[in-house]
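Going by the order they are written in, the chains are A, B, C and D; count residues from 1 in each one.
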Amino acid sequence: MMTRRTFLSASVLLGAAAVSAPMSAQQQPASAAADPKLIEDLVAAYRILARHDVLDGFGHVSMRHDRSANRFIMSRSLAPELVTAGDLIEFDFDGNAVDARGRAPYSERFIHAEIYRARPDVKAVVHAHAPSLIPYGVTTVPLRPVYHMASFIGDGVPVFDIRKTFGMTDMLVSDSAKGRALALALGGKTCVLMRGHGVAVVGPSIPIAAGRSIYLDMNARIQTQAMALGGGKVTYLDPQEAQKMMDAGENRGYERAWELWKAQASRP
Amino acid sequence: MMTRRTFLSASVLLGAAAVSAPMSAQQQPASAAADPKLIEDLVAAYRILARHDVLDGFGHVSMRHDRSANRFIMSRSLAPELVTAGDLIEFDFDGNAVDARGRAPYSERFIHAEIYRARPDVKAVVHAHAPSLIPYGVTTVPLRPVYHMASFIGDGVPVFDIRKTFGMTDMLVSDSAKGRALALALGGKTCVLMRGHGVAVVGPSIPIAAGRSIYLDMNARIQTQAMALGGGKVTYLDPQEAQKMMDAGENRGYERAWELWKAQASRP
Amino acid sequence: MMTRRTFLSASVLLGAAAVSAPMSAQQQPASAAADPKLIEDLVAAYRILARHDVLDGFGHVSMRHDRSANRFIMSRSLAPELVTAGDLIEFDFDGNAVDARGRAPYSERFIHAEIYRARPDVKAVVHAHAPSLIPYGVTTVPLRPVYHMASFIGDGVPVFDIRKTFGMTDMLVSDSAKGRALALALGGKTCVLMRGHGVAVVGPSIPIAAGRSIYLDMNARIQTQAMALGGGKVTYLDPQEAQKMMDAGENRGYERAWELWKAQASRP
Amino acid sequence: MMTRRTFLSASVLLGAAAVSAPMSAQQQPASAAADPKLIEDLVAAYRILARHDVLDGFGHVSMRHDRSANRFIMSRSLAPELVTAGDLIEFDFDGNAVDARGRAPYSERFIHAEIYRARPDVKAVVHAHAPSLIPYGVTTVPLRPVYHMASFIGDGVPVFDIRKTFGMTDMLVSDSAKGRALALALGGKTCVLMRGHGVAVVGPSIPIAAGRSIYLDMNARIQTQAMALGGGKVTYLDPQEAQKMMDAGENRGYERAWELWKAQASRP
């Protein structure tokens, strides 16, 4: 793992590299360099979610390009814990890499592309296979907020079953049509479970998308325990309570935790 | 994380800093410097409870000021693992910071303020969202002592439901009235569960409040397993057994564990 | 644990050592040195599976010799986390060590020997006692794929009960006859549970056998949770979905994760 | 934590220190110095069991003195992870310290004393509060071997309920009479559960007592999962299978794992 010094300088270098990147095969110019602070947050998010076991060797995080609203940035195909700023690639909403320079993309980048297309409010997307969440996609039990940290699911979590639209598949959301169907299932919510696969979580910032991913996992663990303990009878947050929590700033944008998580992620 | 050397010297510095702190906006003078040994324990408690997953990026610990009984000390708004002596702020029981110097306080400091006001015997308070405890606040299953390490809950654990008094809220105990209601629910007990939120644990010393927090979490984990294993039929400690354990010194004041926990917390 | 530098140079040294090894007691010559890249992967697999708690102080991994198809290579009797290239021994399919040089073999090497004999497609074998898997060997509940990462068990996981063929034993597969019975139970599948003991997992490469071991464990953890949550009603991958996932490359040969796992295993 | 070098030299020093120790208050001479190899193993056992979460800040391990069969050695009252050779004290079977030199003993040393008195075959004793085991002491569900690693409980695990003989107590085995009652409940078995408290595990060597403690914990975790999965219907090891495993060397005396565990315990 990089030291903090390397971690920061690498993200600065990316800015320069992106500016001078040659035209891609699609002849689309790369956008102006993204805000280095956001690039640093994006790289940190990969490591943070790996450290919290939300991601393992698979899964990914992306951000909408801050200077080019119809582009997004995510890593080349690489295990999250290993991602550095130099691994980031810019994509358009059809999943075309703008500055691949020979680097292989994630096959499921269409999850991100179609969500950004459908949801202008979304600035960051996480796709994960967190073990705690899988049971809620393969049973009829709805995932609901057992505590205030999960107020962002106060209005429910939809489940996307790829089989209903596409029949027998390899389960992967690996083209635009499947990405669109997933984005449709997500609707205006903060996350969508994917049956037998995982989850997609969105947010208006990288810290919020990452924080929601971490507390969605935690809420699932707790709910599973609470249901077993209570024989299924559990008092969830009232939708109004959840809404008031959201109105009050949703865990204050996870700022307090984000400072900690970034510090942990930059440790050797 | 700081080395042990930094850890100790920072706490010594705080003593000096607190003495020379300027008047706060409320024009209340800061108290004389607290015992450096207690300050060191308070900082350690933040780290210890983070290391035991009782706290994560949220939650907090406080101590009653040893030279000013109507004041208490806790960190500025900061993730527990990052707290150092320089982050501590002195508060009065109305939740006013005496020496904030521009530092933002935790919005739920009223949990601590009102418990200190109501319970002169309490010298330290922990507020946490420990996942193991949430199920006992959202079901009708009472948390009970399954082993001797949890003898401090031999006379029961009350549950505070903010909804019963305050209706639909953002779940936070963020003013004096809510703090008072929580302190009322706590009564003379050692801890109180907060429905859909977490717990408050108190003690006559920092090590005891922290030790109770750690073993309350452990007891919840064990009880959940025991109930599943025994189909709900579990032999708990008899209240007399729990009382005799308390009379014998309650795990000897957690001294033996505290020495270990502090050593672990000061490792890089 | 070795540094990366030691880790690599040790595997290079093994190549030389294997070439110059004296005849074994069975007078069979040692094969030409195996591909150093494969030796490095085999040593990494021991450490990787220990790090993932698939192996603990017991269990083992082997590879079919790449230059001698009727030989396989595994460690001397040693805890997995401690294995280095210098601990590897070449065996024939009767479990005879070709280059033991006084080093004691694992008593259960016959698991590996008989699977390689029966399954020419298998290039690597893992034997483990992963706690998550034991319950599926001692109950009548079949282990089934709850998510796409476990598509390799889409056609089922057989259970080998040593008692059915051999009566009362010490449970160990410590001779060729028991190894053959286990290989027979495995059939053409990717893994076989062993009642009251553990599991054998196979693959066409070391990364695939290791990756399957890791996600078999993960799938078992998730399935246990899903069944508890859903009262036993769980939507598993359809066999066709699992097959399509396998046809699409089975998690891309675990390449992305393998890069991460090897990096982690070579850290001090 | 000490480096390996310090770890070894400290144990050598203990030998010398023990020889020159002054008479205790009881005027009993200290025995000749114990085998430094055993002292090293005993110190390692404290750290190993802490690392495996069998012990936390509480609990202890002892060994029968190898040169004085009616004496045993254990740490002064100290958290297991912190124990070094310099913390060890020699005791007689009445729980008197022979060479305390002002160091405070564990109050529950009588667990060890009375087991050594009653069981000449026992050379090492562990007392722990492992969370996985508590449920089997407070329900009517018997702890049984679900896999071969737990063959040492093939003939059952008794449960000691202090309440049956001593009525309402502080739960601690803190005198000879309580120790004798516990030893009586243990009988000729390898371990005894203590209701609402923990467990005592014995063995003919330090590695075997420690290894049994680790796999007793693991077996309990697995059995709890298996019973939940199978609706209580579980195929346990047949007593004859367990006996054959014991006859074959009980996990080969845990030698392979012990080498690993000691290596891990001596890491910084």
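Operating definition for what follows: contacts are C-beta pairs under 8 Å (C-beta built on N, C-alpha and C of every residue); 3 or more make two chains touch, one makes a residue touch a chain.
Everything quoted here is computed from the prediction, not taken from an experiment.
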Touching both chain B and chain D (chains): none
Those chains which touch chain D and also touch chain C: none
Angular offset of chain A relative to chain B [C-alpha, multiple of 5 degrees]: 90
Interface composition of copies chain A and chain C: same or different, split at half: different
Chain whose average C-alpha position is farthest from chain A's own: D
Inter-centroid spacing, chain C versus chain A (mean Cα positions, whole Å): 33
Whole-Å separation of chain centres (CA-atom averages), chain A against chain D: 47
Chain D residues counted as touching two or more neighbouring chains: 228
All chain pairs that touch each other: A-B, A-C, B-D, C-D
Footprint of chain D on chain C - complex, ascending: 56-58, 77-79, 81-82, 129, 131-132, 134-136, 138-141, 163, 168-172, 195-198, 224, 227-228
Residues of chain C touching chain A in the complex: 145-149, 151, 218, 221-222, 225-226, 228-230, 233-238, 240-241, 244-245, 247-248, 251, 254, 256-261, 263-264
